[in-house]
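Just below sit the structures, each encoded as structure tokens.
Okay, so chain A shows up in both of these, paired with chain B first and chain C after.
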Partner chain A sequence: MAGYGLSWAYLLPSLAVFALFVFWPLGRSIYLSLHGSDIFGGAGRFVGLDNYAELFTEPRFLKVLGTTALFTLFSVVPAILGALALVLLLEAQIRGAKVFRTIFAMPFAFSVATASVVFSIIYNPAIGIANGLLGQLGVDRVHWLTSPDLALLSVSATTVWMNLGYNVLVLSAGVGAIPQEVTEAARLDGASGLRLAGRITVPLLSPQLFFLVVVSTIHALQSFGQIHILTKGGPDEATTTLVYSIYENAFAYGSADFGLASAQAIVLMVVVLAMTAIQFGVLERKVHYR
Partner chain B sequence: MRRALLWAVLVLAAVPVLFPLYYALAGGVMGARDLTAYPPALVPTGLHLDNYAQALRSVPLGREYLNSALQSGIITLFQIVTSILAAYAFAFLPMRARAVVFGLFLSTLMVPWEAIIIPNYLAISSLGLTKGPLTYLGLVLPFLASAFGTFLLRQAFLQFPSELRDAAVVDGCGHLRFLWRILVPLARPSIAAVGVYVFLSAWNQYFWPLILVRDPQYQTLQIGVTQLNDVEAADPGLILAGVSMALLPTLFIVIFGQRFIVRGLTAGAVK
Partner chain C sequence: MRRLALLAGAALLITSCGSGGGGDAGGAPAAGVLKDKVTIEFWHSMKGANAEAINQLVADFHAKFGSKVQIKPVFQGNYDETVAKYKAAVQQENTPALIQIYDIGTRFMIDSKQVVPMYKFFDVDKYSTADIEPNIASYYSVDGKMWSMPFNSSTPLLYINKEAFEKAGMDPNKPPKTLDEITKYAEKLTVKDASGTVKQYGFGSATYGWLLEQLLATDGQEYCDKGNGRQGLATKVQFDSASGAKVADWWHNLVSKGWAVNVGRKTDDGQAIFKSGTVAMHLESTSALRGYVDAAKQNGFTVVTAPYPKLSDGSKGGPIIGGASLWINGVGHSDEEKRAAWEFAKFSATPEEQAKWHVGTGYVAVNPKAYDQEVARTWAAQFPQFATAVDQLHSLPPSTASAGCILGVMPQARQASEEGLEQSILGSKPGAQAMKDAAASLSRAIEQYNQSVK
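Coming up: the complex of A and B.
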């Protein structure tokens, strides 16, 4: 018979990776956030909570937090509601539903880099097709990525498009798992269209919707590539989110302020944990698990 | 009538969803004149396949393709192996403090990679893993295990009755033999789901290769595509040809591997 030791042998490879590349770095992030940075990026002298105090008294960082919240809102909500609408439409229309589902899942084939590069070409103010088509309608040249009012919306729209495919896949799988008898019975009782969707399908999809809210929020809070490629955080920091700010302080323009960046990294982690906890506390009660 | 309306709505919705994909593929064979025309050309007037050749000359996309395949392949292979081993321990082996250790695994899912990327970067570069071919090691080392894979495979393994294991023991089958010869073949669909998911996330990585790779020889494809976007800004056809090439593997997976994606993606959604 195998003793307890055997299980450790099987767990060891994973535990070693986690210890070296998750737990130790996490401790180190906290350590760095309590220190200044020397010119080589090493930990400087101990500064206590100074980095955090600097962050939260700086209007710039408060703006970063606000931008992060707006970006999360603008990218998560439309992508879930849009996917839900598409999936409900697909359910009503039998013929060709499979083809449409594959079409709606297509954005999932794009990485953050490929999607952002394509959108940067579409958004190009002079030669991009977005302005080309709008120009046909008599609309003046729109500065999608360089106008401070529009840039965050444009980056969010790109993100919504990217996430749509994933959301459609998840929700379609959820619809597929609803037992035929349930919808049949509701139809026999005279429910159809919006009523069927509102009373039967959406409540039965609530586990998938909840899953999407949690996962997309975490994902949005961690977004980086589309901002780096489309706007570099600009114009005038209008699209500088928390993760982008970490990147700027730690890695961009030879900045190497790892202390301040680490403090922001810890803020990021607290925000992610808090959002997840809140969503589990508030939303999960409304979820109907079969 | 109602049917026709639904169809119209679906088609109307499909246009913007499909457009960026269409634009990447069609624009990839368009000449600069088409792409900058006003009114804009939506259909190529000529077939500029030389866009592909020029994109490959402008940025070493071929080499980067191999780098990405190697990086994603290694990450996928290792994550599958480490996850299978850990999942087996959780599902079949006697263990002390099982709940605590399992909780420790799951807690790694709560740590955003961006919150620990700085110390990881400092450690990997101080080990010299940003120099020459060692860059490959730097690219993959932090990603060789995953709690997600372990969780999903543990769920799959738990579906098999413990009698299966007992019968194998009676036949004189050791743990490793049982695992590789019996359990792994039976759990193949779940392993494929983990594999597809891990491969896609590794292939699509952006932040880590961006800050880590210094020698262009070891750059990954995703970063290469954005470099193409920077250097060839005047010729969108080249850029879109590069994007089309980078899209091929993932497009293939989305069209033909959908069921594996769905299985992997929704593992967490069903309680």
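Coming up: the complex of A and C.
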């Protein structure tokens, strides 16, 4: 019994932190999602599941969910595959690999806000360098952020650039941890290039890749800064993701609809949990742990 | 704190509701209450050069009243963010004594039942509002009573790139006066290179809802019902009128013909294209003038300003005064704190301070006597472009339309109108339909707001 008491005592600090920063806000969100909002955003009258009903009967919200899914796809997959390609290239014993590795990892040092501001200048339709360079090639102006067809891709590209550095760091560390004897043995057996990468390096990197898939997906689902700075969810709501929609309902434009925003937050939590569960259920089986 | 709030609440029940709806938080204390030194917080949304001007104002105030009142200015982010933080502060019963709120937050501030309206202080002090620019005062007045002290005000202007006009063989001193004229001019002012790439657009501005509000006012249209929300809580917005649709179609036409560039909704991006000399005509607030003049010098062109265009030939109204005002919070604050806040608000509107403010920021002076001050005269000589704004302001015919709409969810209304404009500009919907859908999307928010303040 004394043992139990002691373990609870050890758990207490982290439980206290969790209770304060996770469980209490979660409970509060559920509570708010079941109420209307007064003009200050406080809980108004009890409305039951009305806020949820409002969400799922609005075509807008379905569009938001779709945008969120596309943004996640467009920002997670290229950032991981791109980082993997870069790391494999660096393995090819080229001169100055260390310098390149540092350069590739550099975006990690940028805050979301800084990178987004830089990209918003790059993307400016009239004076941005992206159109400036294309203009040199005789290509007409591209409306990176102001065309509803392109905006989501442009914001995703910015996100890919930002995440690339972290992904390169994680995968480089993973490659560094692959025992020399394994790769040397494979080389002696005549494997090289793509074959070595596909059969030996990538499978041995699978724990890192799995980690990146899970973490990047959660990150993408929670992205806010780049959308806020680059497009504010526009044009014509083409980049309004779930998190951005929560922000708009709760804080933006003088809105204080905390009830609706909290209902969306609960939906977001369920989505994140479901995605993570699916990834653990499906992908993790293929992960090779040494 | 809580007990004070209760007391104020009780006071509210007794004095309750003026005729314009909403409510105030008790009376205005007289000068006598200031005995010991009191320190109050002042929340504002001014950054850069404007924040420096605020610090200067506070320093001037301390030089005069520092022994009795200390002001602690706190930057709280942009206008929207400040309102969001204020809402949280109300819930936590922790509001600042003095706060700067944008024009479109006026209805919300009245309905918040947190503030001591300025007119009560005017009464106590026999303060004359004769010195306050009447067109500015009207925005912040309900039933002829002023609820807040105008602080930073601006009007919209048509900005012109002089050299672009001259190169096209046009006279920059004969600016377009209506939207249709802008279209005609824009066609002539658009310059393409041999490959067909546009080198200079005739027109370009951010898709900014404020510009639409201004255009509708020039057409004498009320933006929301119930006399622009001044005869009771407005129940719907009216930017889906034929005039609203006209603006949406006008903009769509300019962009689809390639005579205007669509830079999206961010005013920073809109300002950047004018500063770079890429657009010949541009709509923005007077508060951007100073930055434009500086940027134009670097980029080798000259800025000319012209009165804001009217919606069409028959339009008889004038634009609305944008900007922000100072509000005094009553709930949870002692008489000393309220009085201290008023002393500062009063001080900020003196001709001397308004002159410095006007010069330091580019906002128009709330108190026209400021223009007679030496600093203001020197400045006017240096930036003659500014006279357009001041003249426009003085020649404004006062009307309900140009007093502006006060609506609890006005910031959301502006955002919705931008969505409508954007859909029209991008061609995803015809102007009339886009504006109609945008106006309809506000019904839940307006209804919920009106219900919760009843």
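Definition applied: the second predicted complex is superposed on the first by the 272 of 290 C-alpha atoms of A that agree within 3 Å, B and C clash if a C-alpha of one lies under 4 Å from a C-alpha of the other, contacts with A are read in each partner's own complex, and residues count from 1 in each chain.
Criterion: contacts are C-beta pairs under 8 Å (C-beta built on N, C-alpha and C of every residue); 3 or more make two chains touch, one makes a residue touch a chain.
Values in this document were obtained by computation on a predicted structure and should not be read as measured data.
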Touching partner for A:Gly165 - first (chain B), second (chain C), both, neither: first
First (chain B), second (chain C), both or neither touched by A:Leu133: first
Touching partner for A:Phe46 - first (chain B), second (chain C), both, neither: neither
Partner chain in contact with A:Ser120 - chain B first, chain C second, else both or neither: both
Greater residue coverage of chain A in the superposed arrangement, chain B or chain C: B
Which superposed partner A:Phe56 touches (first chain B, second chain C, both, neither): neither
Contacts of A:Phe251 with chain B and chain C, given as first, second, both or neither: both
Touching partner for A:Asp236 - first (chain B), second (chain C), both, neither: second
Which of chain B and chain C A:Leu221 touches, first, second, both or neither: first
Footprint overlap on chain A, where chain B in one structure and chain C in the other make contact: 41, 120, 124, 127, 135, 251
Interfacial residue positions of chain A with respect to chain B in the complex: 2-4, 6-7, 10-11, 13-18, 20-26, 28-29, 32, 41, 86, 89-90, 92-93, 96, 100, 102-122, 124, 127, 129, 132-133, 135-136, 161, 164-166, 169-170, 172-174, 177, 207-208, 210-212, 215, 218, 221-222, 224-225, 228-229, 243, 246-247, 250-251, 258, 261-262, 265-266, 268-269, 272-273, 276, 289
Chain C-touching residues of chain A, taken from the complex the two chains share: 36-42, 44, 120, 124-127, 135, 138, 140-141, 143, 145-148, 231-232, 234-237, 251-257
Complex contacts: residues of chain C adjacent to chain A: 80-81, 83-84, 87-88, 90-91, 104-105, 108, 111-112, 195-198, 201, 204, 261-266, 269, 272-273, 276, 278-279, 408-412, 414-415, 419, 422-423, 426, 428, 445, 448-449, 452-453
Chain A partner contacts - residues on chain B that touch it in the complex: 3, 6-7, 9-10, 13-14, 16-18, 20-21, 23-24, 27, 35-36, 38-40, 42, 81-83, 85-86, 88-89, 93-96, 101, 104-105, 108, 110-123, 141-147, 150, 175, 203-204, 206-207, 210-211, 222-223, 225-226, 228-229, 236, 239-240, 243, 246-247, 250-251, 253-255, 258, 261-262, 265-266, 268-271
